[in-house]
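Here is the structure we will look at, set down as structure tokens.
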Amino acid sequence: MIKVGIIGATGYAGAELVRLLMSHPQAQLTAISSVSFEGKAISQVYPSYYNLNDMVCENADQVVDKCQVIFAALPHGLSQELAKVCFDKDKIFIDLGADFRLENEDDYKEWYGGEYTDKELHKNSVYALPEFFRDNIKGKKTIANPGCYTTGVPLAIGPAVAKGLVETKGIIADCKSGATGAGRGLSQNTHFTDLNEGFHPYKVACHRHTPEIEQTLSHLANKPVKITFVPHLLPVNRGILSTVYAPLKEGVTEEQVRQAYEEFYNDEYFVRLLPKGQVADIHNIKYSNFGDVSLHMDNRTGTLVAVSAIDNMVKGAAGQAIQNMNIVCEKTGLEIIPPAF
Amino acid sequence: MIKVGIIGATGYAGAELVRLLMSHPQAQLTAISSVSFEGKAISQVYPSYYNLNDMVCENADQVVDKCQVIFAALPHGLSQELAKVCFDKDKIFIDLGADFRLENEDDYKEWYGGEYTDKELHKNSVYALPEFFRDNIKGKKTIANPGCYTTGVPLAIGPAVAKGLVETKGIIADCKSGATGAGRGLSQNTHFTDLNEGFHPYKVACHRHTPEIEQTLSHLANKPVKITFVPHLLPVNRGILSTVYAPLKEGVTEEQVRQAYEEFYNDEYFVRLLPKGQVADIHNIKYSNFGDVSLHMDNRTGTLVAVSAIDNMVKGAAGQAIQNMNIVCEKTGLEIIPPAF
Amino acid sequence: MIKVGIIGATGYAGAELVRLLMSHPQAQLTAISSVSFEGKAISQVYPSYYNLNDMVCENADQVVDKCQVIFAALPHGLSQELAKVCFDKDKIFIDLGADFRLENEDDYKEWYGGEYTDKELHKNSVYALPEFFRDNIKGKKTIANPGCYTTGVPLAIGPAVAKGLVETKGIIADCKSGATGAGRGLSQNTHFTDLNEGFHPYKVACHRHTPEIEQTLSHLANKPVKITFVPHLLPVNRGILSTVYAPLKEGVTEEQVRQAYEEFYNDEYFVRLLPKGQVADIHNIKYSNFGDVSLHMDNRTGTLVAVSAIDNMVKGAAGQAIQNMNIVCEKTGLEIIPPAF
Amino acid sequence: MIKVGIIGATGYAGAELVRLLMSHPQAQLTAISSVSFEGKAISQVYPSYYNLNDMVCENADQVVDKCQVIFAALPHGLSQELAKVCFDKDKIFIDLGADFRLENEDDYKEWYGGEYTDKELHKNSVYALPEFFRDNIKGKKTIANPGCYTTGVPLAIGPAVAKGLVETKGIIADCKSGATGAGRGLSQNTHFTDLNEGFHPYKVACHRHTPEIEQTLSHLANKPVKITFVPHLLPVNRGILSTVYAPLKEGVTEEQVRQAYEEFYNDEYFVRLLPKGQVADIHNIKYSNFGDVSLHMDNRTGTLVAVSAIDNMVKGAAGQAIQNMNIVCEKTGLEIIPPAF
């Protein structure tokens, strides 16, 4: 059994890690920490866990000391120092925050307003979107776990970009996220009466996940890609649906597109390419690590419409983090069946 | 008082007409009809109206006989004959169905599979989207009331197209509709447990509203426009949010765009152009005839993101039908304040 | 036109008063105040009102000066002084808070922890639940507008208690309220992801509305009545459903019960006694001032199950306050048709 | 591995059995059947299972032939014959329907309108609510799995009844169920726009679960118990909250009540008695087999308010059926952690 710990366990991503790790056959949740709830049991914050996991939140140092794999789910800017400590102690650090996601420090400065305190550590880290970069992940110790939109959009359009079937200019990602994406912190936006029976975009064309998505697509295209990315807030608890539009290259047929995706995702257990005629729906993947992808051709305008559905808290956060742990440590534990309703 | 009647009063659009007409200061709801519920009171179908309107459903002939203005909310194909009867009797016919919306009969054949039985009548009818075609509406007797998406998308992007600020190629309309859009008929899609906590696109790039939206935009652009249109089903009762993407023409500034919209909507009571920094939200227009529009520039990619929010049952159906009656008959009665929550 | 003003206009009850008063044919909303948003437009707080009402919040003194009828929607303890000022200036004061609701000062001390600063003023005030105490309301200047549960429960069981058809011992009120009942203030309970797909009781058998309900039922029974009252939080925006259980007196028949209610509510426009076989549903009264009541007999156990549905923000707060103004000033303006869906 | 099969796998209870059995460490789902979808894959009906379980629905005979434990999730009246076949073939039959739940055939006739075709078989069957009747279950071959309300209500009030702390006359069970309780079949009640933002009681004091609840409570009280039972339909997917009111016997204290429940549920893994001050919430048990119970005293009226929350599809149907299989076969497989949000 691997001893694993969570720093920032009382936020939504941390709490979801608790849930998933409790069922992991080869990992033992050994310590958790929280700044806001130090000394309190996780089950006092989340009564769902009452009697099942009443672990008490300690501090970050204790988690690092007791564990071999450390998950951090912290606001950006707070992971760099911790990652360094873990690296020096030869522990695996899986960061669910943004500090190690962007390769280009200038992007980080522009979108997050911080600096890379240890540039060497950043070079040794890896951006861990398994379906696209699995080979880079194995053996690494500082793991940047992707964000939610930044998982959903590439899952939808990545194969078409990688195989050169679509133009890289003019890609539009229209995404819709459930409310857990906004976290546990209270806000007017997530006040029940404001969100319920409401629906609106936010951070239109200026959301921080933009450069991260572009980084992934640029790697796949092997040239710089810029996209228009607009997130919306859905009145549901979980799930991100990404509807991605890309101009098809002249002459590309539906069969070519479908075949490219089939090849790409053939060995990917957690990606389900839906049969023709089906549409991806967040309903079908909630609470699980699966990502569903459906493909649609608009032949009237020469546009590929690729749709993905993921659970933002699982494949878009905690599940993918465990998937990455499994890759690094060659372990399993994510065989959750999504409920039918 | 104008005597008004509704044919097809027990569907959602018909029932919403009942609600709105009950508050109209210059119209008197005189007769209603329903095939499924003939002989039953509307309040037996919709208990919300109990004691307030217990009118009994008659048949279509009775409605035509008793009324001066006839609203029809019927499945496509059933309005043409009725419209002819009304025309011959010199009555105003306002059709909430699709039979008179498309100018080009070939489009109707392709997307709806029917024919125009009286081509002369079609020539004398008018497509009544007031904010764009008000001058054509006055004095007409056969009024084609636009569909819901076909109101929302032009409200968002129409002014930019009309003023030549965006390219007419490459426009993407990503729309999200509440469940009333699917009507009162039962379906697996609108079964509570299927839709609640779910979200998915449907009829991707093949929805019947596509040629109707293109017809409006082509008129505004004064040249043929084709778009990619993808609707999604939202787990809310009411509202359509349309997020429309269009490539900006070289050199067009945010100020130019905003000024164009301000000029366009300056005298339009029912369109609210939101101040910079605000986003359109279906929450703010529900149960009312208002359409909110917000504008956003993606300067990184040269894309205009224009967003509109309407209530699909009011501005997208029954309210707009009454707005059209008011234009034809020069009456009012739509001053509903949208509730704050 | 009566000049009316609202003190505390940016809370939910105040904002709902704004909406309803904008459509009142004989009242002119003249001034509004808010402590939190003084100097800001109400439409900046509630974008639904944008362009329709952009009144700027002033302070309470300005509202009192400019208006003839003053509505106050304030936390308990803050109305007494204002009520006195209004009384001395011969203005009508309608209090949506709790300060004047309880006749017995000891109850107020026990449940709210405050004192009656001007006992004479309390004597001159009136508890204004129109369907039960209309005759007392006319001509009064200090009006205590009932709370939401305290309207819903008596509407359901009041007639049976008043006519002596049920025992006054053993009455159970199991109530379920939409989230607007918890107000605009942020709380973990009304965080979207906590409430959505959740449901739970709160303040079990210790909610402050208990003595107020008992006061009304005691007046109707003409003897002291104690009840068990348990509220629950529903994942909807609006509406309270009250399921009230009372032991039937020996030999009382369904016909007697129904007839008693019919007599009681015969002239009450805003109460709709539903036909046998129907059930009250919050769906059918939302956004309106109507209260629906359905009656059910459990002959196996000799229990009357009386159910009422009201909109907590309208009949349970702002609508009833206007109904009271209309009684005092003999005006109208509440003919809102509840939407069908 | 035990070979298990499901008859009626495409209804909600059957489909939930599929989900849970796929994760069971000692059971192998071997065959499923469906009348409506014979020849189709379960994943065509429930796309959540796509790629994970694409078993094709066969007929009931095939399921019986291939399996050792047979779950049946059928409309009432259809299980008796199947149960007999299984009994004769020495197979374990777990019935999620109502045919074997009522001991008294007269009750079955009155509430369901059918007869017991094989009275001997009924005598050999067992009503399997594990927390109350575990000892009777072991070794039985015909297992009547309780219904949802009939699990929730006894979990809340059973211990108080069994220990004689409350009167057995005057018990009120006010229950609220999520929409999955109404099944997969389409109905106006579960049409999204009807249920969303709505809430109402149904089958007031005449629901078929009444005699089943009374049977359990009568066994616990060791004398006949009659209750008033009113179910309501909640606009959520899953969960039943049961708020149960019972008159406390003279002199019974909160400590006595709490201690009685602690003793009763001490060894029950799936029942979580919540600490004082907490309330049961369906949010905390969804998708899991746990039942949360909270206790509240209304000392003003001498009433115990006991609240339970279960997932109607798991502890109220499929999960409990597996729990019963585990008891009969001494197996496990239900260690699902309820998600926190």
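A few comments on the model shown:
Think of it as A, B, C and D in the order they're written, each chain with its own count starting at 1.
Everything below uses one rule, namely that a contact is a pair of C-beta atoms (placed from the backbone, for glycine too) under 8 Å apart; a residue touches a chain by one contact, two chains touch by 3 or more.
Please read all numbers here as calculations on a predicted model, not as lab measurements.
Within the contact network of the assembly, the step distance from subunit B to subunit D comes to 1.
Summarising the inter-chain layout, the chain whose CA centre lies farthest from the centre of subunit B is D.
Chain geometry summary: the mean Cα position of subunit A and that of subunit C are 46 Å apart. If you average the CA atoms of subunit A and of subunit B, the two centres end up 38 Å from each other. Note on chain placement: the centre of subunit B and the centre of subunit C lie 37 Å apart, centres being C-alpha means. Contact with two or more other chains is made by residues 12, 180, 193, 196-197, 235-238, 281, 283, 341 of subunit D.
Within the complex formed with subunit C, the subunit D residues making contact are 170, 172, 174, 176, 193-194, 196-202, 204-205, 210, 226-228, 230, 232, 234-239, 241, 243, 245, 247, 279-283, 286, 296-298, 300-301, 303, 305, 307, 309, 341. Within the complex, the subunit B residues that touch subunit D are 12, 179-180, 184, 186-188, 190-193, 195-197, 235-237.
Subunit A contributes residues 12, 15-16, 18-19, 22-23, 46-53, 180, 197, 237-238, 272, 274, 278, 281, 283-285, 287, 292, 313, 335-341 to its touches with subunit D in the complex.
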